[in-house]
Structure formats: C-alpha cells, structure tokens
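Structures follow.
The following pair of complexes shares a single chain, subunit A, combined with subunit B in the former and subunit C in the latter.
Now for the complex of A and B:
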C-alpha cells in the first residue's frame, strides 16, 4: 500500500473513528483502524463489533493494499504533522511509514485480515432524512436508555413506524424501567423503511450518530436485516440491531391524569440543581410538596444535611407530596426547549408525565420513589 | 427392712468427686485455686502425661497446721467461710470444702504443708479417700499437693478421658484462665521435666497478657473499662483483625473468679457484630467487680457458672463499654496499631502455636524463657495510672489529621486495592470491602429509621420462587419493604415486584431479590428479625458495592476514602473481612535488609 493524502481530509475521518475504536479490549486489533487503499480512495474503518465507522477520502493511491494501525497514535500523529499532505507507505511485516516533509514515523501494524469483517451492505434502499430532526429525536430519548448490561432489550432506542396515523410518523422510545421518553414526528419517508414495525438500535450507535449529525443537513438511512446504516457524506456508521422485544410501553403511559402542574422549566431546573447538591448519591430522592400555588422541594441526606426551596407553580388537583430521583427530572428538562413544562400526575405512587408545548411530539414518563 | 441407708463418707466423697473432679484439668483448677486462696505468690505445677499419672502443685502460701491439714480432708471442711453471711460475701475462689476430699477420694493423695511459723511440716497421705498416714516432715513454708494415679479406683471415669494431648491442653487452658486472673502471682507449668510455661509475677494485666499471648499481638489490644456505681470492670479486647474460631480465649472474671457465662459472652460478641467473620470470636480478658450480694457464685460445683441479679443491665453496660473501646480504636483510623505479622492467619497461628502445649519445637524449649518484661513496649493505656500517657484518641486524630481522606493516594493495585502512603507505612484498602461498609452503614441507618428509598417500577416484574422461599418471603414482606422492595404475592410461588431499592441502579434488581431471598431463607429460622435485617443489608451492600477488579478514578477513590472517614466502624467489611491493612515502614525495611 502506498498513497498520498490531504492531512485535513484524513484528520476528519480519523477524529470520528476515535470514539468507535476500543480503548481497552481483549482483542488488540479493535484498538486499530483499518486502512484500505483502493481506486484513488482511502477507506478508514474502526469497529467495536457492535458499531462500525467508515470514512472514505480522496487519495492518490500508487499501490493498493490494506493494513491496520493503532487508531489513537495515528490520529495524534496526523494532527501534528506540519504539511498539508502526507504519504503512507506499507513496509514489510505490517510496518507503516508515515511521512510529511522531513517528519517520518514508522508504526507497528497488524495484518488487515485480522480486522473483523464489517457488516457488508449492498443494494440497500437509502432514505433521505433531515439530520437536525433525527438528531433532536435521538437526543430527546437517548438519556432514558438503560445502561444495565442485563437489560438487553432496553439498551437501545426503539424506532417504530406509525403508518396508521395521518401523516405517517416515526416514533422513538427509550426506557430503563424507571422512566421513559417518547418522541413522535411526522415523517412521510418512514413508509420506505424496510423493517416491519419496530427495531432497537444500540445506545452506543445512537451516541455516535448524534455526534455525526451535528454538522450536517441531510443523512441517508437504510436498514438491512439486523443492521442499520447511516451515511452522511464521506462517513458511514453501521450498527447491529438489538435482537429482542421492546416492552409494550403503551400500557405504562398513564391516560387519565387529573392533577396537572405547570412550572417554568429553567427555574425548575435551577432549583433541582440546587437541591441535588445535598443528594450526592445518584440514588437519593427528593420530596416535592405540591400546593395550589407553589411547590416545595425538600432534599435530605443523613450524612450531609438538608435543603428546602419553594417555587411558584400553577397546579390543579389535590395537595400532594411525591418523591422523585431529581436526576431523572433534570435529564428530561435538559433536553426540552419549552418555557413552561407540565407534569401530569395521578397519585404519589403512579407515573408522572412531563411534556411542554414547544417540545412537539415529545413527552417523558417518570416513576416516583418512596422515601 | 430398711433399704435406705446413709452413704459412707467415702462413697459420698467419690460421688462429689464426680462433680468436682471431672478430669485432670479440674484437679489442677481446684489445687491452684486453693493455692491462690492461700495467698501464694508463686505456684508451680508439674504434670506427668495428661495429669492422670501425677499432678503436683507447689505453692508458697500460708500453709496449714497439722490439725487443719487433717481436717482439710474432711468434706465441707474449709477455712474460707464460717457463716451464712460469709457465703453471701465470698471473696475467695473456693468455699465449698469439697476439693481436697474429693481429690483424695479418687487418687493416691499426698499433702505436705507448713506454716511460716511452725518449725516442722505435716505430710498426710491418703489413698482412695482413706488416710494412710500423718507424719511430721521437713519442708518449705507453703503447701504441696501431689495427686497420683487419678481415678485409679474409677476405671469408668478413666476410660472417658480424652487423649493425653487434649487433657493436657485443658490443663493449660485452666491455668491460663487462672494466671490471667492473678497477674501478681508467678505461675510455672512443667510437664515431666520440661518447662512449658513460666509466667513470673507481673506488675499489671498488660504484662501478664504479654506473657501469655505473644507480645506482638497484644500491642494492639483495646482497653475496656467502666467505673460507675456498683459495677466496675476493666480488661482488654482484641482488635477486629485478630480472632479465633472458638471463644476459648475470651476470659471472663467476676470478682476475680473465672466464669463461663453465656449472656456475658454474648454481650461482648454483640459489640463485635459485623466486625468479625461469621463463626469467629474475639480474644479478650474482662474483670467485673460487683458487690458480692449481686452475684450468686454458688450455682455449680465447679463454680464456672454464676448468676447475676440484674443480667440485662450488666450485659448492656458491657456491650456499650466494648463498643466504646472499639469506637475509640476506630477513631484512630489508619494510625491504630495493627496486629503485626504477615496477615491475620499468621497472628492467629502465632497465638495458637503459643498455646499449643505439646509442640516440642516451640519457643518453650529452645529459648530460655526468662524475659525482661520491663523491656516490653506495651502501650500504656487503660490500666495505666499515668494520666499523661493516656492521650484521648480524639485529640490525637485531630492533631495528626488521621483520616483516610488525607492520606496520599498512590494508586490502585490490581484494580482491587487502593494504595495510600502514610507516614509510618503503606496502607492497602480493599475497595470492595470499604464500599460495602459504607453502604452497609448507610442502609442500616436508613432501615432503622424507616426504610431505604425505593424506586417504583414503570413496568412491574414478576419473580418466581421455590415453595419454601415463597412461604418465607410472604412472612418477611415487612422486612423487604424496609429494604425498599414492594412485593405482592401473585399466587403459585410468584411475586409481583412493584418497587425496588433505589440504590440498585446498575444491577438487575430481580437477581438481587432472588439472592436476598435465598440467603435469608436459608438460615432464617434461627435469626431474630434484627439480625436477619442486618444479614439482608449485608448481602445488599455486597451486591451494590464497587467490585474487586473495577477500575477507579482518582476522584472516585477520594470520595470513597472520605465516605470511610464518616463512619464509626471502618476496620472491616460487614462480613468481618479486614478493610484495610498496613505494611509498616519497619516491615518494608526488613524486606530490603535495611533494618
């Protein structure tokens, strides 16, 4: 393999590959990035077996070939190279020479055939989507994804086609069993999605995608068997779908909430932040005493002390005290944009629905705590 | 025809001997107690074999006149009490007047005695309870009792004796118990011609402890004392890292008398709850002083058991004093001296080795046993009258900043131990054990005050159990509600889980529930609700704590150490495994041959 390539092109791809390449893995080759030189292009691939990233960049290939080298080091080197162009040459025994001007590196590589086969896709039907829309949908659901390893079917975002409604919609749902977040947006293109009803895409893949979508307007999406593929310009993310059944979330969304609380989102957020200073442990709850015109939040931690704050609210319903994990609320409020949010409740031991007018199609459900 | 007859005195003595003299160790006990009561300052015991062949106890006590000596072999003859009032206010170890006649009834017996004032001594020999001769003889002041062929006329009893090793072990235990009670008396024990133990007169209990237990291990013992009202006690208890598989080394004395009292023992163990591994016992010595009227020693012929007028208050006081001593120790955090040696087992083995009477390779033979006890670097505390040397540990702690959180963290070893640098050594902290203790203490507090905070589930789950488990769980639902679970029976051994402890964020709550049920159900029958709750909290703390092998960041380490500093107990994990250990500078330097 021998080629020359523009430093900045390569750097863009390498940067995106960093978070996919494993830092510590039982398979050393997973910390490497695969370089494939073919037909005047250099393809970079990083994978953690679940999610793979591929970046394709124009290059002047004088000799085709493939090799893998350490992703982290390669990125650090390219970043610091002094000239806009560099040359990559594969030597004997997978030694890779990188040179730019008078700078030269020789890196130990691993053979390309040790690199795991990235899921191949051919003849898939690409569907165009607005990148900011997809990003919003992911960001408003991903925080509720379960990080418990054992909860396999909850460890991703559920994509569901809603073809029965008009207009047809795409729904994204995530839950960890304590809270749930839901977003539904009209999207005519969903009819072209080649899955039946719904699929679960792993959290890690969604995180990478959200990052990739930051700078773009459009993204191409395709589904094939157990794979989801997202393509944006020179970058492609391929992720393996989670094989499992997403729970029937509809039954847990309360339908007849008679108590409705309305509160200024940013003031509520600031208040929660203040109150949770006391509850250092991630699992500690706070108590909300809700009166017709104000809400009182009490936080206490036997090891530290307690805190109390009042906030004026609009509330319809009986006075009540309900306890929550403040972290769950803060994560929801952080992704919302509405000035005023509403919390609908039934009683102190049933689910509470949070929504806001400016957050169209979105709501989140939080289960209370008993303290 | 009259079939009921009064027994001959010999027969009665033989029967009494059955109660008083069970085995060679009980003979030693009776004889040494007599010597102590005779104000002896030096008592030497010589044993052949297990003691059946020959036991000779020589003291330098007050001795007896000839008439007294003869009378001493009569049953219920004693110099120790003379009236009812005396019985109620007993100060001596013996008082029943049974020991000598009982011993004489079951052995070939020889008593040689002389008072300091008389010119000649008396020698009385007896066999199977029959006096064979009374002679005048020359002897030093004091008393010597020589018991030969113990149980020679009771083959049945002889048959039930255990091996020579066991019987001799019992003799050593008996003597240890008595010697601890009388630090001011010189005890020596010989087997055949071998010196087994030699404990010269000590100035105080610490010194005696150091003689009996290896010097290295007693340095870290905790002083316990209580002086208030009529109840006074003092003593020493082992730190949590030193323990045994039995409670033989827990010595209790009531008014100077060694006793075996279940309640008192339990009161001490209570203070060690969750500090020691299951089935392990601390070592210790505790002397209780209370008015003779409040304790009945005349319950058992060997006087091992006593009865207290108000055992509840007594036990509660003992428990809280022991807890206070442990708390004082804990306040010193990492700066408290640990039982030295290369680990717990080593310390334990050391003690057992020291007390194993028949190991010929022991130091007892190879080294001269004469030591200069003045040279012992025993920390002066507890019994010390020197107020200056007893610095309150709180003050110490403040002055030096003896907190885990202030140690210089070196890093993590094997993703399992946190290494810290202390001025006097390297401190290793077991991250799992530490975090487990942190959680356990927090849970315990919450559970006692109400319940652990609980997260209601969005989607209820069901858990299936065995018939036995589900029956048990149904009875224990209030307990599980304290833990933060909300469960409802759902028929056929199934339960609906509506809420789980909020702390279980990263683990599978159902797995935890199943584990708790399995663990709780197993030994539940024998446990009180409080102990059971504690056990469940232990399991839960273990489940949610950081695991061994988990990489920790600097901040996580700092937070853990800080949490540790907030606890009252931080020596062991709630299962009793040590939580931290110190490799002292001295130990490290010895490794490198620098010392």
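Now for the complex of A and C:
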C-alpha cells in the first residue's frame, strides 16, 4: 500500500475512528484503524464490535493494499504533521511509514485480515433526516441513559414511532431508573423507518452520531434487522441495536401534578452549581424548601459543611420540602433553552416533571431522594 | 516514671477457657473438674472446655457427641450467654481504665492500644501485668496476654503460654519470635492456604518470609502479598474502638438433616425473617445475600447474590435465597446447617435516591408492615407472629 493524502481530510476521519476504536481491549486489533487503499480512495474502518465507523477519503493511490495501525497514535501523529500533505507506505511485516516534509514515522501494524468484519448492509432503504433536529433529540435524552452494566436494556436511547398522532412523530426516551428524558418531534419520514414500534440504540453509538451530526444539515438513516446505520457524506456509523425490552416508561410519567414551580433556568443552574460543590458520593442530596415566592436550597454534608441560598420563584401549591440529586437537575437544565422552566410535583416522594415552553416536545422526569 | 521505648504497643488479652471458667466461678464445686459448655447432645458443638477437659482431647467446635465419648465423666453444661456477656462487660471496663483504645473481638478477647498510656501506667509489659491482676481480683478469672508492636503478633503472643500467660515481643525481637512458628498461626491461613504453601516447602513463618512476594502473589493472589507482609511482622491495622459491622446474619444447625426442598424453603423463610429483623434492629439494609449450606458430611459451601437495591425485608431475602438454592445440591444431599447473611451494609435511613420503576406503594407499605411486626415480636416474643407457611402441626 502506498498513497499520498490531504492531512485535514484524513484527520476528520481519524478523529472519528480513534473515538470508536477501543481504548483498552483484550483484542489488540480493536484499538487499530483499518486502512484500505483502493481506486484513488483511502477507506478507514474502526469498530468496538458494537459500533463501527467507516469513512472514505480521496487519495493518490500508487499501490493498493490494506493494513491496520493503532488508531489513537495515528490520529495524534497526523494532527501534528507540519505540511498539508502526507505519504503513507506499507513496509514489510505490517510496518507502516508515514512521512510529511522531513518528518517520518514508522509504526508497527497488524495484518488487515485480523480486523473483524464490520456489519454488512445492502439494499437498505435510506431515509433523509435533518441533522440538527436529530442532534437536538439525542442531546436532550442521552444524559439520562444508564451507564450501569447490569441494566442492559437501559443502556441506550429508545427510538419509538408515533404513528397514531397527526402529524406522525419520532419519540426518543432514555432513563437510568432514577430519571427519565423524553422528546417527541413531528417527523413524517418515520413511516419509512423499517422497524415496528421501538428500538434501543446503544449510548456509545449515539454519542458518536451526535458528533457526526455537527458537520452538516442532512443525515441518511436506515434500519436493518438488528442494526441502525447513519450516513453523512463519506462517513458512516453502523451500530448494533440493544436486544432487550425498554420499560413501560409511560406509567412513571407523573400525571395530575398540582404543585407547579417556575424558575429562571440559568439562575437556578448557577445556584445548583454553587450548592453542589459540597456534595460528595456519600452525601449528594440537596433540600429544596419551596415557599410561594421563593425557594431555599440547603446542602448539608456532615463531612464537609453546609451551604444555603435563596432564589425568587413562582409557586402554586402547598409549601413543601423536597430533596434531589442536584446533578440530575443540572444535566437537564444544561440541555434546555427555555428562559423559564417549570417543575411540576405531586409530593416529596413522587417523581417531578420538568419542562419549558421553548423546549418543544421535551420533558424530563426526576425521582426525589429521601434524606 | 519510666517511659518505654515502644513506638507502638498493643496488648491482646484472651480470657482462659472463658465460658467454662465462668461456670466454675459460679459453681465452685466444679473446680478441677472437666467442664464442657456447649449445645445439645445430638447436634451441638463444644463452645468452651476447661483445661481439665482439654486433657481428654476436647476442644471447641468439636461435636458434643464426640466430646461425650472422649470424656463420659465430663460435666456438660448449656451455654448461658447472658451471664458471659455480663462478665465480659466487667472485663472490658477494666481494659478501659488503661486506654480508651479498646477493640473487643468477641466476648472473651480484645486488643488494647497502650502506646499513649505508658506515662501514666508504666511500660506496656507492666500495664499487661496490671490488667491481668485486676481481672483476677475483680472477676476471679484469668486472662492470657500478648504484648507486641502490632495486632497480629500480640494475638499470636497471647496464645503462647496459656493459661494465665504473658508473652512480650518487643520491636527488635519480632522476626526472631515469628521465625519458628508454624504458618497456621498467621491470620488467614486455613487448610487450603496451608496446603498451597506446603507445596512451596513453607512450614514456618520464617520459611514464608524467604519466599519472594511475587511468587506468593502468583500462587495466592492478593492474599499472598498480605501474608508476605505479615510474615515480615508488618501489620498496619490500627486498634479500632468501634468495629465496622460488615455483615449481619444468622445460622441454624438442625436436629435432623434436611432432605427435601420444601423443608429447606421453610427453614430458609424462618431464617430470612430472623435476619431481616436483626437488620432492622441495627438500622441496616444489606445489598449482598449469602446463603451458607453445610451438608451432612460437614462439606460447606456458600452462594451469594447482589441485589439491585439494599433491603431489610424478610420476603426479599427469602426469595433471593430460594434463587440461590438452585446453585446448591439441596434436595439431593442432606443438609445439617443453613445460614443466611447480608453484607455490603448501609444505614437504612441514609439519604436514598428513589427509583422510577417500582410498584409505587409497595415499598413504603412493606416497610411499615415490617416495623409493626417488629413491635409485636419485641413485645410478645419471636414466635408471636410468623409467616403462615411456618405454622404446622
């Protein structure tokens, strides 16, 4: 394999490759990126067996071939190269030579045939979607996905078709069992999605997709058996769906909340940041005392000390004290855009529902703590 | 007053044949006779034996039936726990006069850190003598003491000249003291470890000190490294006045072996109910449920499971144990003992994140029910209310 390629082109693909590739794995080849030079193109492939990335870049190929090298190091090298063009040459025993100007590297590679087969797809039906819309939906739910290994069916975002409503909608839901995030947007294209009701897409894949979606206005989406495929230009992300049942989330969304709190989002956020400084793993809860015109937050950590602050709010309902993990609130407030947010509650031991007018179709549910 | 040159001085005190000695003290007619305190003739084990009884080969943890065969003329007495607890409190009170750092290990032994007490009471060896004297004067019982710079050496030392012994191991003599001792004396060396070490030609603590730590790590894992340090006399553990409770449990040896699943479930329900009550008494919830099974041939296994959420509910504990039964040979192999314990304990009323997907009202309701049951049991005794399935005949 021998070729020359534009540094900045390659860098974009490598950034995604190294992000998908495993950092530490029992299979060393999974830390590598597969390079395939063919017909004036360099194809990159990286996978962690759950999520795969493929990208193609124009190159001046003088000799076709394939080899794998460490994704992270290759990315770091290309990032620092001094000239806009570089040359990649495969030597004996999978040594790979990278040169640009007077800079030269020789990297140890692994044979291309050790690289796992990436999920193949053919004849899928591509559906066009607005990239910013999909990105907003992912970003507003992904933070609630469970990172606990034992809760496999909660380790991704649930995509659901809502065809009973007019217009038809796409709904994304994520939960870790303590809080839940929900967003629904009108999307006529969902009728073309080739899955029945709902699917769960792994968190890692969603994270990579969210980054990919920053780059353009359109994205193509396809579903096939147990995979979801997202394509944008020459970059493709293929992810294996999670084989599990998403819980019946509708039953935990509180209805008939009579107590309604309204508060300025950014002031609430800043207050929570101040109050949570003294929380630790053992003592993470904060208490909110809610009065008709103001809210008092008290953070108490027997190991460090305490803190309190007041904020003016609008509140309808009985005076109450409710305790929360402040991180859950901060993560919600961070993805919202509304100036004022509302928190609707039933009592101090039931779920609370957070929404805002400018965050259309979105709400989040948080269970309180018992202190 | 003389100050000592001990950088750290720990005394381990161990009462001599404690339960048996208390029985003799309460009934002087038993003086000089083989006294054995233990459980029932059929299934019980020896809890304590007087030194006279020990000459017949009787030792604690031995089945009572065997002890009776070894010493038919022995005086076999039931365990009177309340009385031993009473005396134990008196003894701890004596220890406390010499240092606030007292860590009881059980009713009849404790560590006392006297590093800071030497200005008041003299060198550690003097303090050990004084404690022994006061214990004899005030309770009539003798104790053996070991004085050393670390906990584990002090414990080994107290065992060297029992009864009424006093063994002192100053800092400079630690290696010399440990070298000839058999490795079983080390904490954490049981039968299996002993065998592994025997393969390496290790029989004494001195031998162990000569084995490269890397080799021990390979053969015994982390435990190997720990042993390697102990063999060199290194033991960083402090005397802890309030010992952290690590697990709460209960076990029962049955008069007759348990043969079938139905019976096993029944006794497990009874055990689970007791363990749950104990958890609630101590205001703990536990996340890890361990089931211990001792088969008729004394082969013992444990199986455990980690729950999603810590619990103090008997039903939940019982259900986990039933799941664990499938990983045992219960039903196929007769069982003489069952034990249930909960570990990974946490305070029940600590701050707790509530969960979304939970049958709404179930948890708080059960909680209230359990508390109400506890009140009744405390008032009318442990048999006042039991699960219906446990009522029979």
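Basically, the second predicted complex is superposed on the first by the 366 of 371 C-alpha atoms of A that agree within 3 Å, B and C clash if a C-alpha of one lies under 4 Å from a C-alpha of the other, contacts with A are read in each partner's own complex, and residues count from 1 in each chain.
As a working rule, a contact is a pair of C-beta atoms (placed from the backbone, for glycine too) under 8 Å apart; a residue touches a chain by one contact, two chains touch by 3 or more.
Given the structure is predicted, the values throughout are model-derived calculations rather than measurements.
Superposition of the two structures on subunit A shows subunit C clashing with subunit B. In the superposed model, A:147 lies in contact with subunit B only, and not with subunit C.
Of the two partner chains, neither subunit B nor subunit C is touched by A:316.
Once the two structures are superposed, subunit B and subunit C can be ranked by residues of subunit A touched, with B on top. The single stretch of subunit C with clashing C-alpha atoms against subunit B, selected from 39-47, 57-65, 75-83 or 147-155, is 147-155. The intersection of subunit A residues touching subunit B with those touching subunit C, taken from the two complexes, comprises 150, 175, 177-180, 247, 252, 283-285, 323, 325, 349, 351, 365, 367-371. Within the complex, the subunit C residues that touch subunit A are 308, 351-357, 364. Those residues of subunit A that touch subunit B in the complex are listed here as 147-148, 150-151, 175, 177-180, 247, 252, 281-285, 302-303, 323, 325, 349, 351, 365, 367-371. Note for the complex: subunit B touches subunit A at residues 442, 445-446, 449, 451, 453-459, 484, 486, 499, 502-508, 511, 563, 566. Contact residues on subunit A toward subunit C in their complex (touch as defined above): 150, 175, 177-180, 247, 252, 283-285, 323, 325, 349, 351, 365, 367-371.
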